[in-house]
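Have a look at the structure below before the remarks.
Which chain is which? They are A, B, C and D, in the order written, and residues in each are numbered from 1.
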Amino acid sequence: TILKSARCEAFRTEEGRRKAHQALLENEVDALVVIGGNGTFTGAMLLARETGFPIIGLPGTIDNDLSGTDFTIGFDTATNTVVEAVDKIRDTADSHNRLFFVEVMGRDSGFIALNTGIATGAVAVMTPESGLSIQDLVDILNLGQASNKTSSIVIVAEGHPEGGAFEIATKVHAIDNKYETRVTVLGHLQRGGDPSCADRVLASRMGVAAVEGLLSGKKSVMAGVVNDQLVYYPFEEAVINKTATLEDEVRIAKILSI
Amino acid sequence: TILKSARCEAFRTEEGRRKAHQALLENEVDALVVIGGNGTFTGAMLLARETGFPIIGLPGTIDNDLSGTDFTIGFDTATNTVVEAVDKIRDTADSHNRLFFVEVMGRDSGFIALNTGIATGAVAVMTPESGLSIQDLVDILNLGQASNKTSSIVIVAEGHPEGGAFEIATKVHAIDNKYETRVTVLGHLQRGGDPSCADRVLASRMGVAAVEGLLSGKKSVMAGVVNDQLVYYPFEEAVINKTATLEDEVRIAKILSI
Amino acid sequence: TILKSARCEAFRTEEGRRKAHQALLENEVDALVVIGGNGTFTGAMLLARETGFPIIGLPGTIDNDLSGTDFTIGFDTATNTVVEAVDKIRDTADSHNRLFFVEVMGRDSGFIALNTGIATGAVAVMTPESGLSIQDLVDILNLGQASNKTSSIVIVAEGHPEGGAFEIATKVHAIDNKYETRVTVLGHLQRGGDPSCADRVLASRMGVAAVEGLLSGKKSVMAGVVNDQLVYYPFEEAVINKTATLEDEVRIAKILSI
Amino acid sequence: TILKSARCEAFRTEEGRRKAHQALLENEVDALVVIGGNGTFTGAMLLARETGFPIIGLPGTIDNDLSGTDFTIGFDTATNTVVEAVDKIRDTADSHNRLFFVEVMGRDSGFIALNTGIATGAVAVMTPESGLSIQDLVDILNLGQASNKTSSIVIVAEGHPEGGAFEIATKVHAIDNKYETRVTVLGHLQRGGDPSCADRVLASRMGVAAVEGLLSGKKSVMAGVVNDQLVYYPFEEAVINKTATLEDEVRIAKILSI
C-alpha cells in the first residue's frame, strides 16, 4: 500500500512523487491498490494525475466520512468496540445522579458517536456537526432525569467544539453540580481489534472490485458500496467529506434518548 | 411480542387466534409489533386477516432468509460470533493435512455459511443451496493443497443435503484418508451473545419504523431495509424464503478460496 | 447484600446500624453474607460488634488490595478487560516515537497496573507505590528506545502521585518532546463485563465457604483464599490494605520491559 | 521450542535424538526451554538423560493435568473461552424441557469440564473420572426439573466413557424422551484465542523462572507454581498425570447444581 509513502514528507512534493513513480516502474509494479482515507487518496490522485499510473483506492478509515461509499472498511469494527466498552460501563451505571462521559473518535465527523449512541441508548450524543452547547446538554440531562431515564451515558466525539469528554464533563458539573461525573477516553483502542464479519466481507468485496476494476481499465477511482451495490467513484469526489447524511440517525437518536 | 403464543399449539387454530384477539382487546392493546421469522409472520398474517387487528412485523432471525429486507435483526451478531470462533480454531490450524469442519446454522439457507466463509478465508463452504457433493469438496481440497493454500477450514451449513459437519468429515475421510479431520459444531451459541452495533442500530431504525408505520395507518406489513432505505413489505411476500441473491457472495468466496 | 446500606449515610452512625439490625430481625434473617471491600467490611464489623449479628464477608473488589486473601472476586475479570483493551491499542502502536498512556484503576494500589503491565509487555508501569518520578519514566523510555524495544505502552494507575495518564503524558512531553503521546482512560469499563471463569469459580468456592462457615458457627470473618486454600480471616485484619507483596511482580515487570 | 521435533517420528528414537543434540551443538545453543505437556517432557527427559543437555520445561497444556504445578499455561484461557460460549447458549436456554449438551476438551481429565461447569451453573458435569452413568445423569436431570432448576446445560468432557456429547444426548433421549436435546461441540476453538491476563502473567513468571533456573545450574526439571510459589519439579514426576485433586471442585459443583 501507499500508506507509508503518503505519510512521508517527501511524497507531498512533486519531486517525491516522481521518485515513488520511478520506484514502482523499477519494481515492475503494474498498478496500485491504495487503502486509506482523505490523505491517502489525495496523494494517490496527485501521483496518478502527474504520471498516469493506474491506481484504485479502497475506503479504509474508521470514521466513515468518505463520499462515494456508504461504509468504509473499519467503521463496523470500531463501532462494535465502542459498544462493548459502553456495555461494560453501563453494568455499573445504576446510580441516579452519576453521569458517564465516553469519548469516541471523530475529529470532524459524528458517525461513530451517533451510531454507538443509538446502539447503547445514550441519553445524549455530542457530535462535531450537531452544534449542541453545554446548556443544551444540561437541559437534555434534566429532561432525562424527569422522565426517569435510567441511562446516564453521554457519548462525546473527540472533535466537539466544546472540547473532549473531560472538558465537557467539567463544564456540565460547573453548571449543575448535582451530577457526579465519570470519564472514559477510548482513544486508539478503537483502531485495533479483530475485524468484524461485515468489515471482512466488505473488504473482500472491495478487494475483488479493485482487481476487476484494474483489469477492465479503470483508474483514479475509489471502489465503494452504495445502497449495497459496488460503485467506482473518482478520487476528486471521494475526498470531499461526507456530512449531510446523518439526519435519519440524529432523528432516531433523539427519539430513543427521551 | 407474539413469540410465545406463536409457539403455542392453540395459536395454530382459528379458535386459538380468536382467544388471542380477545385477550388483546381486554388488555386495551391498540396494535402489535411482532419480531421473528416465517412462523411468527404466518401467525401474525392469519390473526390480522381474521380480525383486522393492526400488526407490523420486524424481521428477527439469524438466518437472514426473509424476503423484503436486506438484513434481519440478529444476522450480523451471529456472523460475528461464528467468525470469532473460527479465528480461534485457525490459531492452531497450522498442520498441513489437518482439516477443520465448522458447522454453522442454516437449515435452508447458506447466508451465515457464505458470509463467514468469505470472512474467514475458508477453503470451502457447503451451503444447502450449493449442490456441492463430497467429491466436489475433495477436489476443491486437493486443489487447495496443490496451490499451497494454508487455510484448512471448511464451513458447513447444518442443512447441507450430505449431512452435518460430522457426517461430511467422515465421508471426506472415507474418500481420501490423507486428511485428518477435526469437527466443531457451534450450535445454539450462534443465537446468543450481546448484539453487535449494526444489529442494534438496525433494530432501532426498524422499531421507530414500526411505531411510525402504525401511527400512519399501516398494517399487515413487515418493516425492512432494502438498499439502506426503510421499506414496508406485505406479510404475504415476506414469508417467501429468499434464496436467489447469493450469486455475488458465491463468486467472491470462490475467488478468495483458491 | 449490605452494599446499598453501606453506602447510605445513616449506616455510618450507630443509630443507623441499630435500625438495620431491627430490620434484619423483623425479616427473620438468620445471618448476613456481605460482599465488598474495606467500606463494606468496616460497616459489617461495626454492626457485628454492636449487635452480635452473625456476618461473614466475601472479598469483592477489582483492586485486589485486601489482606487475608490472594485474590478478590472481580480482579481477574478486570485485568482481562484491561489486557484486551491494550491489545487493541497495540495493533496500531507501530510508530517509533509514539507513546500510548493507558490509565487503569487503582487509587492506592498497583495490582491491576502491574499485572496488566506484565501481561501486555508495557515499557513502564506507574503504580501508586512505586515512587517512579517523571524523570525516571523518561529515562526508562530512552533506554527502551536505545534497545529497540518495540512496545510503546505505559500503564498508569489512576492514583499515581504525579497524576493521571493525561497529566503524566503532558509532563513527559514537556521534558522530552520527541515523543508524540496518545492517552486512553479506561475508567469504569473495568468494573463491568461478564466475569471470567476464574472469578466465577472463586466466587462459588467462597460462597460455599460462607454458608458452611455460618453453619459451623463462624462470624465476623472474611472468607479468603491463600495459597489456594480456603481460610477465614477476622474483619479487623482484612481491612488493612495489602501493599508489601508486589516485589515479585515488580521484579518480573522490570526484567520483561527491558 | 522442541515442539516440532517432539512431534517428529525420528525424535522418538535414540538415533533421532542424537541428531537433535548434534544440531543444538552446531548452532551453539547453550540450553533448551521446552513448553508443552506429557509428550514434550518425555522427549525432553530422554534427550537430557542421554546427552546431559541442560533443559528446563514449562507446563503448557490447556488440560491442566500435569503434576508439579497448580496451573498450566493455557488452562485459564481455555476455560474463559468455554464460559463465553456457554453464556451465549444460555441466552436461549429458557425452554423447560430443552437440554443443551456442550462438549469440551479433556481426553483423560475433567479439569476444564468441572471448572466451567461450576462457572456456568451447569446442571451436570460428565468427566472422564466421575464414573457417572447415563442413568445417573437422567436422575440428576429429573431432580433438577423437580426443584425448578432453570439451567439446562450439561458439560461433557470429550473423554467420557459413554462417548461425546452427541452420543450421550442420544442415550439420554432414549431413556427419557421428554427432553429435547441440542448439542454444541467446541473442539479446537478451545485451543486458540488471545491468552488471558492470568495466563500471560503465569507464562512470564515461569519464563523468568526457566532462565534463572538454567543460570543457577538447574536442569531436567519443570518450573511450576504450587500454592502460588515457584517450584522446580523433576521431569520424571511431572509426566505423571494429575487426577486426585478434583474432590473440592466436585463437591462444589454438586452443591451448586442442585
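One rule holds for everything that comes next: a contact is a pair of C-beta atoms (placed from the backbone, for glycine too) under 8 Å apart; a residue touches a chain by one contact, two chains touch by 3 or more.
Computed from a predicted structure; not experimentally measured.
Greatest centre-to-centre distance from subunit C is found for B, with centres as Cα means. Interface repeat of B-D: among A-B, A-C or C-D, the matching pair is A-C, sharing over half of the residue-numbered contact pairs.
Per-chain Cα centroids separate subunit C from subunit D by 29 Å. Once the centre of each chain is set as its mean CA position, subunit A and subunit C turn out to be 34 Å apart.
Taking each chain's centre as the mean of its C-alpha atoms, subunit B lies 42 Å from subunit C.
Counting partner chains per residue, subunit A has residues 87 touching two or more of them. If you sketch which chains touch which, the chains form one closed loop in which each chain touches exactly two neighbours. Inter-chain contacts, as defined above, occur between A-B, A-C, B-D, C-D.
Only residues 81, 85-93, 100, 166, 182-193 of subunit C touch subunit A when the two sit together in their complex. Here subunit D touches subunit C in the complex through residues 70, 76, 79-80, 82-84, 87, 115-116, 118-120, 194, 196-198, 200-201, 204-205, 208, 227-229, 248-249, 251-252, 255-256, going by the rule given at the top.
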